[in-house]
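The structures considered in this document are given below.
Next come two complexes built around subunit A: one with subunit B, the other with subunit C.
Take a look at the complex of A and B:
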């Protein structure tokens, strides 16, 4: 048996809020051996981060450990004095966070910040600390570490900043590292590099690591053991392979089903018993359009240059037929958002043609496009449901807005019925319509955003990472909903995403964008199974594929 | 105002007694301002030299001035003028500043830079001196006090609205409004402005107190309101001549009125934000 480094025994954490006491962690027990890497998986609100904060003593003032114990090397942290606990936190255990740039001091060179972290726990001179910091930068494989010592956080990419955070975290050779969503918000290729680095360092130094993540695939790829949390409780603990192939708990089953993999289909995402009516709808395939009909959307040599600097998008040509679903993938900065906004006619292209049903619309300035008859035909669903709804509008107002503006409707019974019908189509309960956005959950907000976009029966829907901010189980339901709406309305999709597994499922064809230019395009499945360019191959390989992980383990 | 809003306002006020007191004070000021001439016990203008400079007593609870006029009555009647100057000045600078600032914040670019520099120039002047100069140049009238106060307040509103709109202009719901068929100007006026109003209401409330002081300050140095019109600033100015002879009530009571009015508006500020922000309604 491995000697246990950390043992949580029936841990309870309670927060006092305006609505009384809320128990965020309700009796979590787990143990972690020296040098072990444990995955702690759960959706938002599951209490996984709070558990991490409780271990590292970073609970905010409203949170308190109300019961249970945290044994670290046989000593109970919850009963330690303030100074003992401070020595332990930071020296024996360290934590890294989701948004590395926000965790670094923006006005101090990163080398100095690492030196600060070293000096906080070790007695040595500033120069020795700097030398130590340089070694650490080398350890986290930052290129030209001497030069990067003097760099400020804004001069480094997100992945680089996370490496600096890792360097800081390992500066005192902790026995335990807690990584809270360390790669969420990074591009897939960067995610892979950072996770590989983290796993390598942990193994090399014999450092135990808790990987807190919402991504089952990521946990499965890097951890020997995974625990799943739901609503503050531990629901299942298993090896990744068992977890994926024979999940025991109903919640784990749902989570595994909802996590898109290379082979999953939209219908499989939601287990039958909870999906209700949404799955069964069958729509007869529409007849193919008559020959000679222009495609729904045709884009020719589109380019966008901002005031200074290089082109954000260049030489972008594509077309979408009615009812077709086309994916647009690329990493951050690839120009996919700019492209989607141009096609949506929210910003003006610098060059190129856009035609909709054979009519040129690219020359109409974005400023005047709201008066165009095509405005209601091209609609958009935004990435973050939290900031895509006007905080002063109720859900009803949000959905009614396009109907009043573009649908020529007036306030009254007809409008009310139409809004309720839209809400019903996206599976939003009618009584939620009177709520303001802050009173709705992320998934409900996403539904309002979709209802608003389809209210005027558009022909083309641009989806800008529509599920990037959602939990996987909510994502599963939303993807299913979108696919159903597409078939019912013969709607065409331009699906912008960085998640290849989602795009593979949702889209007939996919375009890969890099630095504003098309790298590769083709039928989604064929292209991802057999990528023709190095870049696409790199993207495909960076995605944690459950199948390949287990195949590798067998070999 | 829906009943939900009123309930919410009640909830905020109960949880925040200081705001409730300030709100009560502002309501009282408004009532006195409206009904002042009817509730004042004496005529504020007619002099009665036989009673001149008598200290506070049962008949004249705040004493009388050098012409025997009842100080308390003059204070009451002055409320309307002081409030009217402050409210209209703040109203003008808010209306202009919010619209100009919001358009600049949304449009950015050359317009934004030009307005920004103009605002910087305006703010480089000592504001009170600028107001004095404007009243002196435009003519010694109450309307000109209002205009001068409005203009020197304008930069704050422009900057405030600009900053608040600027952080919101790239949010999803702004783009969504455009996709739903709203023009740029309609996005600014119907979407962005209502969202920055709660923050601006705080600014307005703080500003009202300041505008009252400013108006009183201008009349104190003899600009704008002319005697015998009762006004708090003039009353302090006239009373100052007698302070060396121990006639303290001539200065103390108008000063106290000014202080309380300013304090009420300032305290109300925070409460207003909580009441108007829909996110506080849980």
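Take a look at the complex of A and C:
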């Protein structure tokens, strides 16, 4: 039997907010053995991070443990004095965080920061601590560690910063490591490297690890045991295999269904009762294109160079037919956003041609494109539903704006009807139209963004990571909505994403970009099942596929 | 530490670029002040004529001597030519060249301003940090009240109050008349800063006397600028304390003071540097009230006297001096920024 390292007993955490007390964790009980790796899975607001912060004593001033106990090596740390607790943190238990670059002090060399962490618990000279820090940088496989010692966080990539963070966390050989969304926001390939490193270090040093994540696939790949949290409660605890094949709790069922996998289809993402909420509005069908009409969008040898000379995008050619959905994938810095911005004419290309239904539009300066009749045909849905809505516009104003500016409509009953129709189509309740963005949930904001984009009945929708900021269950609903809108209105999609599973589901064809150049393109399923280039293979393999994990487990 | 040297080189290059780009501003200031002085009412020739009943001919002669009969553009060109050769003209009130006057009086103003700024920083930064560590507490409200009082009371009122309490009531402060006691012997002037000159001469008693003269005017100036400095320290400390890297520092169990000083305060200090630069330039020019109350022989009171007697050259020289100080202070802030924040790059 494994000796229990950490035991949570009926833990309650309450935050005092302006609107009164909010209970974020409501009675969580779990135990963790020495050296065990546990996945703690849940969506935003489920209380998973708060549980982690309660264990490591990092709750902010408004949060308090109101009931329950946290036993660490047989001692209740909720009743520990300040100095005892400080000796525990960093030494016996450590934590790594989401957004590694922000988690490091921006004006202190990373070597010094690691040395600080060592000196907080060990008696030695600064030089000895530096030598120790260098060893740690080697342990987390940072290239040229001597050089990196003096580097500042802004000079390192996100993956490098997370390695530094791991080095800091393991500096005093803790018995427990809590990793809070350690790879969210990193590229898939980096994600895999960092997670492999983390799992390797944990196994090697016998560290018990709690992996807090929203990504079921990630938890399943690295953990033997997964617990699922919803609204501050533990709803299910199982081996990943059982969790995926026979989820017990309704919430887990929904979560498992909503997580895109290599074989999932859009229709499977959401259970029927949920998808029934948005009303399918019949729109007048478009006339079928006459034979011989040019394709909807044609891009020829597009290139973009920014001031410093290096090409962000080069030699990019593609074509989209009416009603077709094309995916654009690549890691950060691959030029996918630059390409999509050029195509929707928000920035000017340095070279190349873009033609829309046979008419060249690449030469129209981006500044003046809003006056072009094609503006309403090419619309965009942005990544961040928070930042892309004007905070002083109500949902109604947001959707009405393009109708007034591009659709030539005037304020009045017709406009109201049209906006309400758009809201209906995206499944946004009409009574929400009077609200401001901060009064809407993430999913509702995403719907407003989509309604705004489709208000003028565009022909081509450029979607720039439309669901990257959303929880999986919300993502599932939004993806389904987008797919339905596309089929209803014969819309073409240019779908920019880093999530291969999503692209595989949503897109007929996919283009893989790397360093601004096309690496591979082809029909989505065929390409992902049988990638032709090493790079695409690397990308595909980096995605935690549940099926392959289980296949490997059987072997 | 080759990286450090390279970063320093980059910072200096940026500072040099900034300096060059501020030269046109200085020229603009020069021309603008010159024209402004010509537009203001008051005729220096009338002012400097021998008496109130001086005849028209006498005034005309003076005008001619001063070159005021020439057209304004020609006067401007002559002035610019002189400035280019380092000649700022002659003060009609003191009879001395303006450069000599400014050189004699600038150290007095600088010494006062530096002392005031030092007092302000030494009290404002800890106050701001304390307030940020316990937002909404008694300390926070106390600091806010103190700052509000400092801003509300004009410097000449606080100066007079300080004189009333420490000189008149308690008798611990010396006469509020200038930089040293009139009977004291001055040290040989090397830097113009009395505190430094006394130290260099090894005259501890003289140093103490000068220090006692300095403390009240410096204090009344400092009171006025503690508020902005403490408020900006509090605000940026709050941001800094709430950021992710403070959470990281706490998660590895760093000692409390290390989290607050090395991690939070060093990040929070950047906006404080900017505000300090602005405050310094403002103080140097705006301390005329304090200089008047304490009979301090500084440049601001010199410029005010000159302005009241339509004495063009000293006023123009003073404005040019202030503009130059502003440029230099900005350069210093730039360099400090480059040292404090490794993220600042050429831009």
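Quick note on the criterion: the second predicted complex is superposed on the first by the 539 of 555 C-alpha atoms of A that agree within 3 Å, B and C clash if a C-alpha of one lies under 4 Å from a C-alpha of the other, contacts with A are read in each partner's own complex, and residues count from 1 in each chain.
Just so we're on the same page, a contact is a pair of C-beta atoms (placed from the backbone, for glycine too) under 8 Å apart; a residue touches a chain by one contact, two chains touch by 3 or more.
These numbers come from a predicted model, not from an experiment.
Student: Between subunit B (first) and subunit C (second), which, if any, makes contact with A:104: first, second, both or neither?
Tutor: In the superposed model, A:104 contacts subunit C only, not subunit B.
Student: Using the superposition on chain A described above, determine whether A:389 touches subunit B (first), subunit C (second), both, or neither.
Tutor: First partner only, subunit B.
Student: Figure out whether A:229 sits in contact with subunit B (first) or subunit C (second), or with both, or with neither.
Tutor: In the superposition, A:229 contacts neither subunit B nor subunit C.
Student: Can A:136 be said to touch subunit B (first), subunit C (second), both, or neither?
Tutor: The answer is neither, since A:136 touches no partner chain.
Student: Of the partners subunit B and subunit C, which touch A:426 in the superposed model: first, second, both, neither?
Tutor: Touch partners of A:426: none, neither subunit B nor subunit C.
Student: Is A:95 contacted by the first partner subunit B, the second partner subunit C, both or neither?
Tutor: A:95: touches subunit C, not subunit B.
Student: Kindly classify A:150 by the partners it touches after superposition: subunit B alone (first), subunit C alone (second), both, or neither?
Tutor: second
Student: Could you tell me if A:452 is touching subunit B, subunit C, both of them or neither one (first, second, both, neither)?
Tutor: In the superposition, A:452 touches subunit B alone.
Student: Where on subunit A do the contacts from subunit B and from subunit C line up?
Tutor: Shared contact residues on subunit A (touching subunit B in one complex, subunit C in the other): none at all.
Student: For subunit A, which residues count as touching subunit B in their complex?
Tutor: The contact residues of subunit A facing subunit B are 18-19, 341, 344, 346, 367, 370-371, 375-376, 378-380, 382-384, 387-393, 401-402, 405-406, 436, 438-439, 449, 452-453.
Student: Would you mind writing out the residues of subunit B in touch with subunit A in their complex?
Tutor: My answer: residues 171-173, 175-184, 191, 194-195, 278-279, 281-282.
Student: Touching residues of subunit A toward subunit C in the complex: what are they?
Tutor: For this pair, the touching residues of subunit A are 56-58, 86-91, 94-95, 97, 99, 102-108, 116-117, 120-121, 150, 152, 154, 165, 168-169, 171-172.
Student: Flag every residue of subunit C that touches subunit A in the complex, lowest number first.
Tutor: 3, 243-245, 247-255, 258, 262-263, 266-267, 340-343
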